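Letters A, B, C, D, E and F name the chains as they come in the text, with residue numbers starting at 1 for each one.
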C-alpha cells in the first residue's frame, strides 16, 4: 500500500459542552496542524498516489473555509462538540468529496489534527 | 476508525544482555518520549474517543512509576532485556489496565517510544 | 553563556483590531507552544542554570492562568492586540517576576511562542 | 504487533515527466528523510524486533547507494518518474532483500520518505 | 528584543566544486526548509514586529524564484558554491530588499536553511 | 554572522547529588540529542563555515567517547553533577579542541543538548 501526506493548519475558537471537558468548556481556541493522508494500492501511470501539488491546494482550500473562525457560531457545527477527533472526520469527509477521491482510485483517506506538541487525533475511512 | 494520542516522557537507566547489543550491554540510559494512542470505531456521546485530559493524567501517572529509575533493579523486569519495543508493550498493557480500556469501548491501544530523533519502536494490541 | 529551556502550551481564543490582520480580525484561536529560556553566565553550585523541575512547574502555573480563555475578555488585555510577539513578552515578564529571576542570578529570559508549524515569535529581555 | 523504526536521509537531483508535475518537470532536487519500519508479531529471544544498530547500518548502506546522485542518470531508474512514493517502494524492496527480512521473521516493512516539513509518502509491504 | 519567524521550503539541484565536498561534488539536490526571522527592538502600533501574513507571502514569493531549479544553471550563482550557509545569506539579502526591511523599522533579519533533520545553516545581518 | 549546525545523540546513565534534583538523585538515564553550532563572521574560500561532513564526523567521534556509559563512573566526571547544561559545555569544549576551532577561523561554538521534547540546555563560548 502506498500513501501520500500533506500538511497545513487552521486556527479556530470553540468551546465544549459536558463536564468531561473541565476548563475547556470555556471559550478558548486551538491551532490544528492538519495532516491529510491519501492511500492507494497501486501507483497511477505517472507513478503517483495523487499529485502533491493538487493535494496541497485542495487541503489549503478546505482549511480556508474553516480558518480564523469561532466554530461555535458555524451553522454546520450547531450543537456539536467540535473535538479534535470530530474535526479530523470533518476534514476527511470534505476532502473525499472535494477531490472526488473514489474516482481517483484512492483506497482510503486519513486525517490527523495535532492540537499541540503533546496531543493529536485522527480519523481514517475506507473508500 | 478514530484515534487520540497523548505524549509524555520518561528517563531511565538500563543495560542489555546479549552480543547483539554491542556497547549497549554496558549500563547506559535513555529518554523515552512516549506516545499513547487510543482507537475507537465510533465516538461517544461527547464526540470523543477518550478525554485527552484523562488520557494525559493516566499516562503521566503510569510514566511516574517508571521514571528516574534503573530498570535493571526493578523487580518487574528482573532478567529481562528492557528494549524499546518491550517497554512499548509494558506501557500499552499497563495503560489498558489503568484506564479500563475495554469498559470504555476502546478498540485498540498503541504505544510508541522514541529513544532518539532517529529511532523509535511501537506495540499495538487489539482489545 | 549557559541556558536552559522548558516547553509547555496554552490554548486560547482572541481577535485582532486593525486592517493589517485581515481575516484574523474575526474571533479565532490558537495553540501556543511556549518555550521559556533562562540564561546565566555561570552555573551555580549544583551545576545548573535553574532547576528544570522548578522551571517546568513555574511555567506550568503561569500557563494555567492564561489557558482555556478568550483573551478578548481578560481585563489584563483590554484594548490590546494579543499578538504572538506581545504574548511572548507577557509570558517572559510574568516568569521573571514569578521565579524572582534576578535574585536567582539569571542574566536574561527569553520566550518563544509557536502559533503553528510555520510561524513563531519571541521576546528576550536582559535582567 | 511490534515495530522498530530507524531514520536516515539522502540528497538527490531528479526531474519528472508529465504535465501533472508542473514546475517539478524541471531538474530540481530533494532531501528525503527516510524512516524504515520493521514489524513483527512477536519479539525474538533477545526481546527485539530487529537490532536497531543493524537496522541503522543497513539503512545507511542502502542510502549511500542512492545519495548525492542525479536519479535521472541512474540506469535503475531510466524512463521512470522517481516520485517520493515510488522511491519509498525502492527503499523498502531493497531493505527487504538487504536484511533478508523474511528469514529474520519480520512480518512487514514500511518506508516513509519526507520530502519537506509539509509532504511525505510511504510504502508498506507484507512479507 | 522581539522577533517573528515564518517557515517555507524550496527544492533544488546543485553541485559543489572543491575536494572538501567529497561526493557532494556530483550533481545532487536538497530540500531546504527556510526559516526567516525578523527582529525589532519595539513593537509597532498594531503590537507586531511584522505582519505574519505579509512575511509568509513575501517569503513564499522569494522561494518561488528559486524553487524547482538547478542552481548550477542560474546566472546569479555562476561559478559559486551554493552551500547552505551561502544560500541562507542569499535569502536574507533578498528578503531585506523585498520587504524594505529598514523602512519597516526592523533591526535585523536572520535566515536558517535546514538541509536535513541533522544539518542546518544560518545567516544573520543587522540593518 | 554565519553558522552551521549538525545533530547527533548519546544515551547515558547518571545520577545527581543535591536535594534540588528530587527523584533525579536516583540512578536514571537520558538520551541527549546534541546540536553543535559553529559560527564564523565570513565564509571561507569554499563558501562554507566548516565542512558539514567533517563537523558530522567529529561530533560523531566525540559522542562515541561518551555514549552507552554510566557517567557516574567516568573519571572525568568524578564528583560532578553531569547536568544537561554542564554536558553542553563538555561537548563544546571538546569540540573546540578536537577540530582546532580557532585555527579554522571560527568565532564561536555553541552546543544544545535536548534531554526530552520539553527540555533542553545550551552552552556557547566565544573563541
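The rule we apply is simple: a residue touches a chain if its C-beta (ideal position, glycine included) is under 8 Å from a C-beta of that chain, and two chains touch if they have at least 3 such contacts.
Protein identities per chain, from UniProt: A, B, C, D, E, F = 6-carboxy-5,6,7,8-tetrahydropterin synthase.
Everything numeric here is computed off the predicted structure, so don't read it as measured data.
**Student:** Which chains are in contact with both subunit B and subunit E?
**Tutor:** D, F
**Student:** Please compute the angle of the rotation superposing subunit C on subunit D (C-alpha atoms), rounded to a multiple of 5 degrees.
**Tutor:** Best-fit rotation on C-alpha atoms: 180 degrees.
**Student:** Look at all chain centres (mean of CA atoms) and spot the one farthest from the centre of subunit D.
**Tutor:** It is C.
**Student:** Report the chain whose CA-based centre is farthest from the CA-based centre of subunit F.
**Tutor:** Result for the farthest chain: A.
**Student:** If I rank A-B and A-C by number of C-beta contact pairs, which comes first?
**Tutor:** Between the chain pairs A-B and A-C, A-C carries more contacts.
**Student:** Count the residue numbers both subunit B and subunit F use at their shared interface, divide by all numbers used there, and answer same if that is over half, different if under half.
**Tutor:** Subunit B and subunit F contact each other through largely matching residue numbers.
**Student:** Averaged over CA atoms, how far is the centre of subunit B from the centre of subunit D? Could you give it in whole Å?
**Tutor:** Centres of subunit B and subunit D (C-alpha means) sit 27 Å apart.
**Student:** As a quick test, compute the distance in whole Å between the mean CA positions of subunit D and subunit F.
**Tutor:** 30
**Student:** Do you know which subunit D residues sit against two or more other chains?
**Tutor:** Within subunit D, the residues that touch at least two other chains are 7, 24, 115, 117-118.
**Student:** Could you please specify the touching residues of subunit D with respect to subunit A in the complex?
**Tutor:** Interface residues on the subunit D side: 16, 18, 20-22, 24, 80-86, 88-89, 115, 117-124.
**Student:** Would you tell me which residues of subunit D are touching subunit E in their complex?
**Tutor:** Those in contact with subunit E are residues 7, 9, 11-14, 23-24, 26-33, 67-70, 115-118.
**Student:** Inside the complex, what are the residues of subunit D that reach subunit B?
**Tutor:** 1-8, 43, 46-49, 51-54, 56
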